[in-house]
């Protein structure tokens, strides 16, 4: 899994029928130090993530292992909202604290 | 999933029998800001996408989860036509509005 | 799928028993404009492709979806021979015409 | 599989129900010579790995082949703790010996 | 599949039980011209490959399609030993002949 920040929304009315009812969000990849990168992915939202939230996403066939995404033609899913992460004891990101240290 | 623009058509008469009846389109990857990149993929079209249309495509085993692509030897599928997407409230792309902002 | 040109042959006598009877070819990746790249893949040939032919190959689990490659330990397959492809109306490659425009 | 060093912990209370009971660790990729890289992955821990330990991780559908990760929406797993590795007879890493040679 | 040279060995005593009995080898990726690259992978050995041997490896779910690797949490397998490969009639590598041309 990788860290990502939900930065956008995607609207699609003409889509495969198996996508009905799924929310697709634009997620920008975040590196281990909490810094935004230029990489993005459009991910199915299995968590009700909000704009600006720090999440984890899984890709490939693993993206179809949640109840919401089973058998659907999607290759990325938001499967967790991040509270905090630390590297060698330093808090890199804390949802309830100050802003991301290195963002 | 990633955003892509349908920029080309591919013709193949000698192909695996499981590809019969599938349309293969050349899709150029578009970044989160709506800018074309040099990356491309040839994707099976599950949506009847037209030339120049902005689409989303899924790759890997997920590409075989539509009715049209099930069990076929394809690793990329167009599974949605994009209407609009926004980043932090800014419209990056709007199918029915002006051209893509950053294209 | 990606475009590739068959540029080489591979001989292996000591191989997994599930590979028996499969031809493995060296395929060099070609970009959307028909230009050879430095990227290559060794792909199972499901099409009887010849040296120098322009093909499409699929990777990952999708490579195991042809009759010839089912359940075999291969991660890339040639699943089509390309006749032509066009970008925005320009012929990039034509098997029966002149050489590839940008090769 | 790739080598990685466990450098961080991740806390997530809002996550897909299939993630319950799994520990997620931040793993920084290590190259063949034992040098840390900037690449990271958040991996499910099937081994009870500790902070700073050198591990191997598998990605994709293979990450779901341990008893702890079966059918879960995770795309990376720590499936082994590394004791030692050698390149052409030189010890690159030795858990019980001196520090990693090139770290 | 890609070409690789077996350059190292990996020892792990604490590993997932499904890895018991499998040999893991360090394989450095080789390009189409036979030149070593900096990329590596730790692969399960389905072939009894020796140090310094030129092999082919498959990745992803395809790595689990040999009898030795079925259902195991591994994402790369050595599934063939290379005898020779040629590009446009030139021998790039010949196991029984001289050294690799470009190595």
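Chains: A, B, C, D and E, in written order; residue numbering restarts at 1 for each.
Note that in this section contacts are C-beta pairs under 8 Å (C-beta built on N, C-alpha and C of every residue); 3 or more make two chains touch, one makes a residue touch a chain.
As the structure is a prediction and not an experimental result, all values here were calculated from the model.
Counting hops only between chains that touch, chain C reaches chain D in a minimum of 2.
The rotation that brings the Cα trace of chain A onto that of chain B spans 70°, given to the nearest 5. Rounded to whole angstrom units, the spacing between the C-alpha centres of chain A and chain D is 21. If you average the Cα atoms of chain B and of chain D, the two centres end up 34 Å apart. In chain C, the positions touching at least two other chains are 60-61, 63-64.
In the cyclic arrangement of chains, the order starting from chain C and heading towards chain E is C, E, D, A, B.
Against chain C, the residues of chain E that register as touching in their complex are 1-3, 31-32, 46-47, 56, 58-67, 69, 77, 79-88, 92. Residues 7-19, 24, 26, 28, 38, 40-43, 51, 60-61, 63-64, 71-76 of chain C are the ones touching chain E in the complex.
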